[in-house]
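Please see the structure below; I have some questions.
Note that the chains are named A, B, C, D and E in the order they appear, and that numbering of residues resets to 1 at the start of each chain.
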Amino acid sequence: MSVNTEWKPKIVAFCCNWCSYAGADLAGSSRLSYPADVKIIRIPCSCRLNPLFILRAFQRGADGVILCGCHPGDCHYSTGNYYARRRMTLLFSMLSYLGIDSRRTRVEWVSAAEGPKFAATMNDFAKTITELGENVKLGDLRCKEN
Amino acid sequence: MQRELIDRIRALMDEGVATRVLGWKKGEFFYDTEPAILTAEQLDQLVYDSFCGPNLSKYLIQEMPKLEGKIIALIKPCDSYSFNQLCTEHRVDREKVYVIGVGCKGKIDVDKLRARGITGITAIDEDGDTLTVHTLYGDETVNRHEVLLNKCLTCKGKEHRVFDEQIGESEDTSAGADRFDMVKKLEAMTAQERFEFWRGELSKCIRCNACRNVCPACSCVKCVFDNPNTGVQNKAAADDFEENMFHIIRAFHVAGRCTDCGECSRVCPQGIPLHLLNRKFIADIDDLYGEYQAGEEIGQRHPVINYTQEDCEPSVVRERGNQA
Amino acid sequence: MAANVTTEDILRISGVNPRKCMKCGKCSGTCPAYDEMEYHPHQFVYMVERGQIDKLMQSKSIYRCLTCFACLERCPRNVEPAKLIEAVRLAVIRQQGMNHMTENDIPALLDDKLPQQAIVSAMRKYKK
Amino acid sequence: MKKLSLNSLNQWLEGIAGERRVIAPIEAADQVNYGVWTPDSKIRLDALRTVKSAKDAFFPQVENMMNFRAEGKNLSVEMIDPKAEDFVILGVKACDARSFDILDRVFLSDPYDPFYAARREHATVVTLACGRPDENCFCVNFGIDPADPKGDATMWIVDDTLYLRANTEKGEALVKDLEDADDAAVKAQQAKTREVAEKLPFARLNLKGFDGDHLMEKFNDPHWAELSRACLGCGTCTFVCPTCQCYDIRDFDTGHGVQRYRCWDSCMYSDFTLMAHGTNRPTQVERFRQRFMHKLIYFPSNNEGMYSCVGCGRCLAKCPQNLNIVKVIKALGGDEA
Amino acid sequence: MQKIGVFVCWCGSNIAATVDVKAVANALRSEPGVVFSTEYQYMCSENGQNLIKDTIRDYKLDGIVICSCSPRMHEATFRKTALAAGLNPYMVEIANIREQVSWIHKDMTEATDKAIVLGRAAIAKVKKNAPLTAGTSPVTKRALVIGGGIAGIQTALDVADAGYEVDIVEKSPTIGGRMAQLDKTFPTLDCAACILTPKMVEANQHENINLLTYSEVESVSGFVGSFKAKIRKKARFVDEVKCTGCGVCTEKCPSRKGLNEFNMGLNTRGAVYIPFAQAVPNKAVIDASNCIHFRTGKCGICEKNCSAGAIKFDQQDEIIERDYGAIVVATGFKPIDASAFDEYAYNQSKDVVTSLEFERLMNAAGPTKGTLLRPSDGEHPHEIVFIQCVGSRCSRDASKGKEYCSKICCMYTAKHAMLVREKYPDTKVHVFYIDVRTPGKNFDEFYRRAVEQYGVDYIKGMVGKVTVEGKKLRVQGSDLISNEQVHIDADMVVLATAIEPDPTARSIGTMLTASMDTNDFFTEAHPKLRPVESPTAGIFLSGVCQGPKDIPETVSQAGAAASKVIGLLSKNELVGNPCVAHANELLCNGCSQCERVCPYGAITYVEKEVRGPEFRGTKRVAVVNEAVCQGCGACTVTCPSTAMDLKGFSNNQIMAEVDAICR
């Protein structure tokens, strides 16, 4: 792949409202920076993340998708993240099976108290995605800006 | 056996058990049998032979609301899993079906004969393991096992998981094959090789929806891909992505519910090995959450709508390696 | 000597972050060689942070440390003073381009009071 | 008549492909479909039936028609120029060749389809006679001679030799440099093929009554329910069919604008011709009936008796549940001729 | 086309310093559907809100997007603003350009670009929003308090005084908790028992309070206003009604093996025992693991000696199921296990004690009847070393302690030092400290009194090691001010051990789906503005379970939690969250998968007559109980046909956001 210095990854972070979105807020109020390439979408619970949304993001040009939710056992809805964990494990495995680099998808449990972890996670994920470069395998050519 | 079956069904109908039977009927050739719902008068059209490959259980869904009393259904051992799964999902009412577990010794795939260059087929004589194929261009002899449907090569065994009565002998035609062979082979490839394999296969897809429409697990009243309100409605893949999207989501939606009946691959006009997608989910489920066979019993809670607190993290996918 | 050794050098060599220190003094409270030292473990940490590397490098204190790791073991904040001391010693060695002493110098220095551990650690540190 | 050793086929094709695209039956991932030929392609002229028909070359499954670009609140429209480039489609069987005539009736009559027309105009169709029809073939019922297909040029394969005959100027231009040949071998093969074709199980279907005069009678025939019972409502038959020409026009929001494209549609689908109030063919029986009524009644009654079926046998071979047009003709057509 | 208004907030300089708010407002103005876009210094101010209200009315807006701080901060504010202007409050979306943009990015171009993208996503979402109306659910007018320490007692008393029923569930046989174990309290040095026991008695006698001691909460289901709890009342093997608390059985019991929990295991008690003299309820309890009857089937001396006939060896655990409108967590704390501190010889010498053990040694009701004696030989100690921050402020590893400051140790150590010096002026007292933290009313004065008036020797530095030298404890520490190592031969060493949440808190947190931090302290809904509420509606926090605090703070938090509970219970019904799941009957397959994943049992299936363009007839469809549904969305992803969708976070809304972000 040609190295484009202008290229910036697009990263979608789905955050559960109760833990990880609050963790992101804490990262913000603690002034812990992470790349602006990361854009957060608030969902009520990690179990709200439909695989359709992940594929949609990749279709539309996302280079990485990360789901953040409450730590297992801490789900605001008690069991949501357990379902999310199974679903995402299976989905990520399937994407990998289709030859999509599994480093483009990630799940990280971030509590409301873990602002630093949120920022660190996003920094690390953005770094990984930047290294991986543009997502060409799972994108939709029609959605490329031209 | 066909005779015995017809006699028994007629007797059941005479007893008033049911007025109709879901089975197979004769086609234009000896091999193009067709799923059919027959009344007592039409019973002579009923066929049960080596070409009754289609899984009939899904047809019961549309029969349910029409039924007064029961319907007789001919269910092969492998189809019994689909039947149970449909009962679990309340799509089929066990009480409304009189299940005749029909024996099965593997079904023949005519396309496999064609793939061997045997065309213009007019008749087949079966003698044990040997098939004599008569064609417009002469006769050929083949080993029966070699031309069985792919799904028969990973036969789930001769046991009917559900029945009211059983007729005929069954045989496990898997010959000890590991159904995850190809899944493992793919897993062992590099990501790029896997990507190319699937691109090659999925790029053939014409989005005819045969895989979806035949699938007993894909029983949605309205599929997300047909529904204009979902935002993902899609009639033909206008981009590679949409081929991936359709098949990933389809496999995901049936994950945990797929009984591995193999119909998706059987019906694909382009010969895409779609079962390898579903089987990957099955392999992962078995591996990560414990062995599970959908449709083994009625009322199971499948692994994708279940959890344990100790489940592995999604990072297991990365950790298993072979990603780059 | 040593004018060009900076705090950063010491931190890079040691991998220690002295800012984690909350100045509780437990390292010094536990140090068996405390009374032999001009600067004590907690001061080491403080002085490195303050950039007083020269003073440390010129002090005999750095050779009094037994590398027993008691300070490192006891520190509630994982500061690891012993590693800092080691790093300062290393900085001295690098400056000199040679060892503080050779193994041949050791026997003459031996006496009854010298703990066995000091000999072992001296061997480890000074052998080329 | 010209000839060419099959061994030199690639060489010949390379010559053509230097100037324009060559579309031919190519095997990829175990299936033979029409595709763009390259020297690395596995060409399969011997395949009796490609999975999809040759119609894709003129009427692809997905085709972009226009783009809308959004800049803030402003929208600009950009039409796609249907200008096509010259290409050669090679190895078209008699049935598929006939399908082009049927498609022409649809796309070249009013309203004229510029996309289809441009491709037709730029194409050189090279057909290939059948040597080995199979039990699913029934083209002879529609007056098609599998041994002598039309097109700009016609090919026959006899043993290791490819015989070629130009039928038009375009065809002549293509084959003129090849070696001249005697047509005895071709004649012999044609006789054999025609003999087999006459003996095929569906060589004599009774098409009496499949016309506009019997529309209501056929429409109301009681057999439809039984015929369609096993239908899954998939689109296999329509998508492999060389004459099915229905399409849907859809918009895709790319994020920067909208692409308006057309894609094949299938009358077997529940959302086919979906309207605001719902669908006018709510059950599969009606959808199933629509497909065959169109092929066997509506189309011929509007097109001087030309059936919208060419007897290629793809739907027979590919229907997952073994439903097909022959069963329909037999059920509705009364006695054998 | 909808009419959307966009309002970009400067948040003073919080946003405007890093984000070009004018550029954001301008960029968003050109988005399709946006008819108005502006910026303002403080959108949440009255003027800002008026601007929004006026614009909604003037432009007849269908939806608004506020680009401001986190929706967790002001979403409710702006929803109310919208409502006041006649716009459905759920037609409001927030683009978080403060926490997610201005506060974390330094580059203005980058931050502005990101703010625009987030604004676009919010616009895309709001265009797919639908007006929502909340449903209502009833409130059970009873509260459950988990934990019977001072926090639980105070909360219960306050709630009960307001006229609502309260059940206190306490796992030990008596209420009173940690405070009951204390001798004196700082900074007034009044006796803990003297101020606590009247409250314990009051709780016992209150007509609205029901004490469930020796009981544990087994499971909790339901939601705010309608919780259902299962409580296991463990068998005491003593009939609580008949037992008079006379104590004869406890004296006659021949087993003396049970460690006395109340005295921190410094002495033993009988197998049948009353935890302490002022226990409430003052009823005996049999510890079956130490009881000879339960081990051998013999003995039964207590039974023979009980004139009330209260001993019931065949008593069984009892499960009580009750409904509650609110639940208060007051699970308290315990000191950490000091045995990990080998350097202080805690495991080698009985004379190295924790502060709570020391508390018992000083207490008149303790094992030494209040005379300070060395546990090893019963002699008076003449030199005592106190070590502070044992296991507090420790970041090295979890086995060694806690990263947080335990807050109370400085003060209780000063108290101990002072009490020793007062009672035994001949005893030398040294305190090793890192910092002395005394923020609190009269706290620093108290500490200075220890130094100035009582002559306690405060040494700035830490102890490195304590070794046992015969009858002495050799303490080696550093004095950072004199810059020398000190060696003290002490008779006793007292460790000011860190405190940690009670070990039962974790399972209760899971049961209540109340979030906890990494230290197992319960998380408050907002660290400043909602400190006594858990993020889980209807769950309130009282006392140390939320974080270290002393008695006055605990009592004030208990009162605050009580007022929140009263506020909740005073309502007859609650207005629910309208962002709940909803099943499209036409699309529903009737497969029951959603029913299986719903954590609240909010989904049921019914046979229903359904009419649609493609289907008419009776079918099995999912129905969501909107009062029970909490809106997690687990069902929506389980549903393959997307028949199940979540209002406020619908598939189309989220996909619109995805599209806008990836554009």
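Heads up, the rule we're going with is that contacts are C-beta pairs under 8 Å (C-beta built on N, C-alpha and C of every residue); 3 or more make two chains touch, one makes a residue touch a chain.
Just so it is clear, the structure is predicted and the values come from calculations on it, not from any experiment.
> Which chains make contact with chain B and with chain E at once?
Joint contacts, listed by label: A, D.
> Taking the touch definition from the top, what connected groups remain once chain D is excluded?
one piece
> Weigh A-E against D-E on C-beta contact pairs and write down the one with more.
A-E
> Report back the single chain whose CA centre is most distant from the CA centre of chain D.
Farthest from chain D by mean C-alpha position: C.
> Taking each chain's centre as the average of its Cα atoms, which chain lies closest to the overall Cα centroid?
The chain sitting closest to the overall C-alpha centre is A.
> Distance-wise, how many Å sit between the C-alpha centres of chain A and chain B, to the nearest whole number?
A distance of 36 Å separates the two centres.
> Using CA atom averages as chain centres, what separation in Å is found between chain C and chain E?
Once rounded, the distance between the two centres reads 45 Å.
> So the centre of each chain is just the mean of its C-alpha atoms; given that, what is the distance between chain C and chain D in Å?
86
> Starting from the mean Cα coordinates of chain B and chain D, work out the distance between those two points in Å.
Taking the average C-alpha coordinate of chain B and of chain D, the gap between them is 30 Å.
> Touching two or more other chains, which residues of chain B qualify?
Counting only residues that touch two or more other chains, chain B contributes 222, 224, 231, 238, 304-306.
> Send over the residues of chain A in touch with two or more other chains.
Where chain A meets two or more other chains at a single residue, that happens at 51-52, 56, 60-61, 73, 79, 83, 87, 140, 142-143.
> What's the complete list of touching chain pairs for this entry?
Chains touch in the following pairs: A-B, A-D, A-E, B-D, B-E, C-E, D-E.
> Could you please specify the touching residues of chain D with respect to chain A in the complex?
Result: residues 252, 254-256, 259 of chain D touch chain A.
> In their complex, what parts of chain E are in touch with chain A?
Going by the criterion above, the answer is residues 70-73, 96, 98-101, 103-107, 110-111, 113-114, 117-118, 121, 509-510, 513, 515-518, 523, 535-536, 579, 597, 599-600, 630-634, 636-638, 646, 649, 651, 654-655, 657-659, 661-663.
> Which residues of chain B touch chain A in the complex?
It comes out as residues 186-187, 191-199, 224, 231-232, 238-242, 244-245, 248-249, 251-252, 255, 277, 280-281, 284-285, 288-289, 303-309, 311-318, 323-324.
> Could you pull out which chain A residues touch chain E in their complex?
Within the complex, chain A contacts chain E at residues 10, 12, 17-19, 21-22, 24-25, 27-29, 31-34, 36, 39-45, 47-53, 56-57, 60-62, 70, 73-80, 83, 87, 111-114, 119, 143.
> If we count contacts the way the header does, which residues on chain B are in touch with chain E in the complex?
65, 89-91, 219-224, 227, 229-231, 253-254, 301, 304-306
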